[in-house]
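In what comes next, chain A is part of two complexes: it sits with chain B in the first one and with chain C in the second one.
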Partner chain A sequence: MLCNNLIKFINKTFQNVSTSRMITSSLNVRSISTPVTQEYVVDDTIALKKYSDDIIKTVNKAVKRNNRLFAVVHICGKQFKVTDNDLVLIDGYWPPNVGDRIKLQKVLLVGGMDFTLIGRPVLNPDTVNITATVVDKDLSHTRTNFKRIKRKQYMRINFIRKEITTLRINSVNITQDIDVKKDVQEIGRRIM
Partner chain B sequence: MSSSRFTPKGFPSVPLQNGIGRYICQLKRVTLRFCKSSGSSRGVRDFIETELISFAQDHPGTVVYLKPRRHKSPSFVAEYLNGEREVISCHNFSSHEMIKWLNLYATRSGIPLKRYLKMWHTECPSIQGVWSPFTNMDPALNITQFPSKKLSNPVWEEKSATEELLEKVKQQKISSDDENDDDNTHSNRAAQV
Partner chain C sequence: MVFTTAMMLVRSRGPDEFWRKRKIFKIAAHFSGRRRNCYSIAIKAVHRALQFATIGRALRKSDMIVLWNTRIRAGCEEHGIELNTFKEGLSRCDIQLNKKVLADLAIWEPSTFKALSDLSKSVSIDYELPGSEKYNVPTNVVTRGLLKK
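Moving on, here comes the complex of A and B:
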């Protein structure tokens, strides 16, 4: 066994020597190619796991402190940075009616005082809970759509009033530990 | 044409912190004024016959008044909890149009029309603190003595061609030395084996 290891080690050193010789020879012929190098990859998965576990633990602790959170949500084609009691205006046709309570599920990012969770591209909807109420549904002021093509005798003018929906964000919460994973869970739009 | 220049501008707002606990319909009173005989208020009369009761049932927080007025053009008045009052003419409206306009005025908050400068409003603009160029800087900077020789130099200086050449020659020398060393060790190890 020991002898085998020794032979292996020697073989490796021999490999190294040969490569280094290759480099020098190539330098002597003045080639500009990138030097060939070999390196031993250190297996540090355990260390990395410990590192990430520590971070997750501290974040879970920070979540329990119940500080105010903020989130970046994707609503109707636009992204908004929201916290509790924010108002968000949505321009154009959007079906929800006044008084409706909505759970916003496309959460791209959640952050607190001292941590930030970033979704890839969205966070787990079981972990983050963002609720909102539709508060106001109105028409915008009259906007003008003016089109003209020069030298083509084409001119159009339209007056439009689009729907504007006001959303009140009721809560931004993290409902469970951030590293909780079900045994079987749908991926949806997320990358795990 | 340029209505956006003359409409008052402003930021999003909602009266009475609506929606923080629950949503309250801001329309408190609707008064329908119409004529019992003229053709221009036929749609309003249709609406009253068919849809009015369901509208009133859907909006329990709103009072609906009917005011028949002889030979007057029909209109309705919408009054809001914040004291705003709007009169909308419904001359020659169909019953369907009446539903649409009444529903619009029921879902409004009563704040006069404005051009929104922002589509977002918050009371708490920053949670992690506002970023400045010094936020994530090394705190060692706080105790450095100025003028400092290191900080006065440019952050990155381009190497001249001569310097690069010299460096390359140096490297080549080192690597050729290495080769010699390697050869020695190689032979030593071979001898050991």
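Moving on, here comes the complex of A and C:
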């Protein structure tokens, strides 16, 4: 590009040069410009789609074969790896009350014997169904917070008891095929 | 108890000596030697112990982070990827599993962890992260450049 501009500039400045000189300069332009290359693009969209469909089919088969799955769920700011009939201990203030049946929607990962679904960052809440029951709500043991500074007559003692919620995981299921997409989709809820 | 002046209120000290000491002896019950029987020695030991317990609660959190990192690094080395590249690769494609869960997966779900490390490897190759030149392209990961933003 720069060379072309230079040559144009030279051509303009030496307008009165003999024709033979002009021809050589114009020849130079041709030699400098990059040769045109062509490449054949093979249209393999059908083959690729078949390939991805096959993979999705094998995953769906693997999902159906499994009966016990594990999942990584995000509850109250912490992540837990859970399976059926697990007890999860949640530390600190968490609104649900005893006896509430809840559906855990922030599922980061689901896996079985021979497959793993990884969410980016969470999986579709329609695909994975994790239900849990709040079993118990209690206060933790007393933690003593004791501070003292030597030779400075400073001593403070506080006693802390935090809320503790026990959660029973009832089921970890995959309810539909993994590539199913609705006509109208909700995306706002999936963003964490 | 009747306090005739404010001065007397200041001078009268809390509960009875027996109860005041029993509180400390209860905490010192499992200490050894004279630290459980002599009050003047027991109270020093109790103060030290309570301070350690308070500081230890904060220390445990940082200790756990070091432990999780060790476990994840061991898992990564098994599949030939560095810890930093592994984490970077996961975060580049928006996988927000934390250290605790990754360490759990490295121990209890080795096949899942292998899948994650293969994915992270191919993402780091896509992004040309430093150190990714030496990795072999995993054949079982199909990205078609879609993981790159």
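The rule is short, and it goes like this: the second predicted complex is superposed on the first by the 128 of 192 C-alpha atoms of A that agree within 3 Å, B and C clash if a C-alpha of one lies under 4 Å from a C-alpha of the other, contacts with A are read in each partner's own complex, and residues count from 1 in each chain.
Heads up, the rule we're going with is that a residue touches a chain if its C-beta (ideal position, glycine included) is under 8 Å from a C-beta of that chain, and two chains touch if they have at least 3 such contacts.
Bear in mind that the values here come from a model prediction, so they are computed numbers and not experimental data.
Of the two partner chains placed by the overlay, only chain B lies in contact with A:D86; chain C stays clear of it.
Using the contact criterion defined above for the overlaid structures, shared-chain residue A:D136 touches chain B, although it does not reach chain C. Shared-chain residue A:D53: touches no atom of chain B or chain C.
In the superposed model, A:I164 lies in contact with chain B only, and not with chain C.
One of chain B and chain C touches more residues of chain A, and that partner is B. Contacts of A:N97 after superposition on the shared chain: chain B is touched, whereas chain C is not. Of the two partner chains placed around the shared chain by superposition, chain C is the only one that A:V72 touches, whereas chain B remains out of contact.
When the two complexes are overlaid on their common chain A, residue A:G111 makes contact with chain B and with chain C alike. By the document's definition of touching, both partners, chain B and chain C, reach A:T144. Contact with chain C, but none with chain B, is seen for A:P121 once the two complexes are overlaid on the shared chain.
In the superposition on chain A, the residues of chain A contacting both chain B and chain C are 70, 78, 80-81, 111, 114, 116, 143-144, 157. Residue ranges on chain C touching chain A, taken from their complex, read 47, 50-51, 53-54, 57, 93-98, 100-101, 104-105, 108-109, 111-112, 115-116, 119, 142, 144. Contact residues of chain A toward chain B in the complex are 10, 13-14, 17, 20-21, 23-24, 27, 67-70, 78, 80-91, 97-99, 111-114, 116, 133-144, 157, 159, 164, 166, 168, 170. Of all the residues in chain A, the ones that touch chain C in their complex are 48, 51-52, 55, 70, 72, 78-81, 108-109, 111, 114, 116, 118-121, 143-148, 157, 192. Per the touch definition, chain B reaches chain A in the complex via residues 1-4, 7, 12-14, 17-20, 22-23, 25, 104, 107-109, 113-116, 119-124, 127-128, 172, 175-176, 178-179, 182, 185-186, 189, 193.
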